[in-house]
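Per-chain numbering from 1; labels A, B and C assigned in written order.
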Amino acid sequence: MARKISYQQAINEALAQEMRRDPSVFIMGEDVAGGAGAPGENDAWGGVLGVTKGLYHQFPGRVLDTPLSELGYVGAAVGAATCGVRPVCELMFVDFAGCCLDQILNQAAKFRYMFGGKASTPLVIRTMVGAGLRAAAQHSQMLTSLWTHIPGLKVVCPSSPYDAKGLLIQAIRDNDPVIFCEHKLLYSMQGEVPEELYTIPFGEANFLRDGKDVTLVSYGRMVNTAMDAARSLAGRGIDCEVIDLRTTSPLDEDSILESVEKTGRLVVIDEANPRCSMATDISALVAQKAFASLKAPIEMVTAPHTPVPFSDALEDLYIPDAAKIENAVLKLIEWSKRS
Amino acid sequence: MSQIHTLTMPKWGLSMTEGRVDVWLKEEGQAIAKGDEVLDVETDKISSSVEAPFSGVLRRQIARQDETLAVGALLGIVVDGEASEAEIDAVIEQFQAAFVPGEGAEEDSGPKPQKVELDGRLIRYFERGEGGVPLVLVHGFGGDLNNWMFNHEALAAERRVIALDLPGHGESTKQLERADLDELSGVLLALLDHLDVPVAHLAGHSMGGAVVLNTTRLAPHRVRSLSLIGSAGLGAEINGDYLQGFVDAASRNALKPQLVQLFSDPELVNRQMLEDMLKYKRLEGVDTVLRQLVSGLFKEGRQQLDLRGVVQDGRQPVLLIWGSDDAIIPATHSVGLTAQIEILPGQAHMVQMEAAEQVNRLILDFVQQH
Amino acid sequence: MSTQLTADQLLHAYRVMRTIRVFEERLHVEFATGEIPGFVHLYAGEEASAAGVMAHLGDDDCIASNHRGHGHCIAKGVDVYGMMAEIYGKKTGVCQGKGGSMHIADFEKGMLGANGIVGAGAPLVVGAALAAKLKGTDGVAVVFFGDGGSNEGAVFEAMNMASVWNLPCLFIAENNGYAEATASNWSVACDHIADRAAGFGMPGVTVDGFDFFAVHEAAGAAVERARAGEGPSLIEVKLTRYYGHFEGDAQTYRAPDEVKYFREHNDCLMQFRERTTRTGLIDASQLDQIDSEVDLLIENAVRKAKSDPKPSAADLLTDVYVSYP
């Protein structure tokens, strides 16, 4: 049986293996080592949650702490990427995108098109996403649909340690700017991960479970919640197919449509706010291209249209859970019976 | 003296943790003999029949159809002789009270594969059973030691049985030098040296058949017998479209039509099998190795090396097993060979998985005789 | 005057400045015909800044520019016809008609792009300088921004990081007195933009941007310092623009005759011609020769650009990504 490591270790290993393979890969971000210029030790943190720990000493001069200047260092990563190196830039929390959005939205994403296909910007922005850590409104968002909306960016949301490693290696080797969304609640998740290098292609959804009754589409951490719901529903004789998008840009439309054409029912599960989200996007896709296959309306299980609350009592209500998914599925099954 | 046997969920392969009961093949009250197929169980990898490890009467079907149960969970009760309902109830109660789901599936329970460095490459192998002249199992192109998941334990009932991952496969190092049969045979012989096996029965599937044939050619004194399943090396034809399609396939949808050609029942090619194969194919070095092997051994859909002479030499007894509907290497390659030839009707290339019980029995009987 | 400049270098500098001037004045005329799409921001009047800095840079050195970028592109060696075609929105443009005036880039020339976002180039050149440092080349990276850009947080963050990482960077603040329609003596809170250098631990100087030799000397010192591993510098170049913020700007915010005064008393080409010919380094006829060559170059560029094809419908969807399934 393959070795089991955590999501966090899988990311660290992907970084280490790629840095060893390709000397042009380097890491930059706030406290990615920690301790720069301080009287104590270097690599004091290795990232705020320790994801990059140990790389500073393994790769001297290639793990760069930055000042707290998201606009400055993300921009520097973009500029460096156009000049023949491969930065893996850490934006500690995706919420900090507000500080550096221009460099992602107007610079990195636009260069190739705006410059007539002459630029390539092989940049990875690793960023921590998602609710559940009681980190409140400015450290818990899921801004995937924001990135997905922007042509020129690729958007990756690994849901397991295996995917985290393979998708990150692909992201580093990719010649386009990639937003790599790491869910903070998945860092401790254990899973089988090969020791070798491997890549998972972008735009290829993963079928985590085959089923004939209802299609559950999700990405990131919610994939695991969808699987919990599917297992529970299996006990009640309802057979769910679970699709993990893996990347929201490119989006594997074919797999979604193929599945809905089989099941005739769709529940989209998205940890983000509902308006203009992946949930609405996928719903629209299916309504447009697989309308005739639908046996029931499309259901969306999402966070409410509110900021992420702080109190655990509220945050637990905010985040979609297996029970909400199960209810949505049951609603669709009921609907079909009624009509 | 009567005995109350508990029939439990088997563990097939290295990663199985649970199985779903597909259908009971025996009724309650029906007499069963050791080796009979009692029920079908489906795992996320593949479905197969559970064989009775003991004879008696199936007194209870504990597991219901469509129920998913952990490895080691109680499936049924078989009684050899007489036993009252109360006695049976007591056994069930005792079993269920002691049973901890997941314990039987733990990695550190039971035998585990090992790795050894041979000529700078890590080679994974898996030993089960002990005693006798050891039997070594060699998988085919793109396969690994899990190809023997339904055979390994059964074959190891009375002897030491070793399965390995050839270089470029499974969890062995994904690197080949010349990518010819001599290189693969060299690895096999080096492993035998490492394991202090002077002489062994060799069994090979598909390309693994060519490997064991070639090993016999190189070191005949180390081979007691040959069991060849859908073997390469015995004729020119091989399904080149399959080989190329398999090597080129980078997605689930591209891979599925290829793998389907390996089985008589296309339903066996499920999501998990595809995902496992894609995981293997994505590993750094695998693509290169597979392309090296295709161009070295099976260029343009023709097998490059004819090893029929090894069989015809007659120095070792040979068992040939072939699915009559093998779509990769035709069963007609067995024609004219001096061997025990067993063509299994309706079976395909992965006959050792799909008709595991038959194949196991044939090999067990064959190696026992020699 | 910088005595180290050879006659060839002086002639090259003149040709660069003259090319920019004729390019921009021609665009001023052509834009009025309505044939050029979008909007253009002309660099005429500021030529000495681009020419004086770029005289120290090679193709391995990178620059990032801004919305007023034609002069930087020409001085960095971007093909003039390709630029003209781009400004006309033609398929033959340096960016195949997909970027336009504000997004001219040529990576082979180390031109990382003009930029429609004020101040955005500063972090980019920090990255370019970081790449040069990581790769172990002696490349330097230069950003040009205006007095408006000097108030952007992006520039502050970039200057701080360039100093913290001790990178081979030049920050060139081209202070033409106006950010759009707002005067820099109102919007910049300190006396000189160069004073801000002290806050980021780097040297800062203010130079006369009408004087090619002043810019050349200051930039030379800063480039030398950067290549020697001594870190970044800020140069404030004071100059004026001869046209509005963009073409069509009535410039009612400017003093009457303001531009006329600078053209008559300070014009960089006029000063250059006067000083080089007076000292006998250059013969006036050599400059006249360049003038006519440049006129022909621009005339040909415009004529060809006008007759070139526009991009086709198929071009709409290409080059969003290097690869996208």
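Assume a contact is a pair of C-beta atoms (placed from the backbone, for glycine too) under 8 Å apart; a residue touches a chain by one contact, two chains touch by 3 or more.
Nothing here was measured: the structure is a model prediction, and the numbers come from that model.
K.L.:
Can you name the chain whose C-alpha mean lies closest to the mean of all the C-alpha atoms?
P.N.:
Per-chain C-alpha centroids compared to the overall one single out A.
K.L.:
Among the chains, which has its CA centre at the largest distance from chain B's?
P.N.:
Centre of mass proxy via C-alpha means gives C as farthest from chain B.
K.L.:
If you tally the C-beta contacts for A-B and for A-C, which one comes out higher?
P.N.:
A-C
K.L.:
How big is the gap, in whole Å, between where the Cα atoms of chain B centre and where those of chain C centre?
P.N.:
70
K.L.:
Give, as an integer number of Å, the spacing between the C-alpha centres of chain B and chain A.
P.N.:
Inter-chain centre distance comes to 38 Å.
K.L.:
Any idea how many Å lie between the Cα centroids of chain A and chain C?
P.N.:
Those two chain centres are 40 Å apart.
K.L.:
Quick one: which residues in chain A touch 2 or more of the other chains?
P.N.:
201, 204
K.L.:
For the complex, give me every residue of chain A touching chain B.
P.N.:
Going through chain A, the ones touching chain B are 1-2, 162, 166, 192, 194, 196-201, 204, 206-207, 209-210, 234, 254.
K.L.:
Considering the complex alone, what residue numbers of chain C touch chain A?
P.N.:
So the residues of chain C touching chain A come out as 62, 64, 93-99, 103, 105-107, 112-113, 115-117, 120, 122-128, 130-132, 134-135, 141, 153-154, 157-158, 160-161, 164-165, 318-325.
K.L.:
In the complex, go through chain A and note every residue touching chain C.
P.N.:
Against chain C, the touching part of chain A is residues 24, 26, 61-62, 64, 66-67, 69, 71-85, 87, 102-103, 106-107, 110-120, 151-152, 154, 174-176, 201-204, 250.
K.L.:
For the complex, give me every residue of chain B touching chain A.
P.N.:
It is residues 14-15, 68, 107, 112, 171, 174, 250-253, 270-271, 275, 279, 282-285 of chain B that touch chain A.
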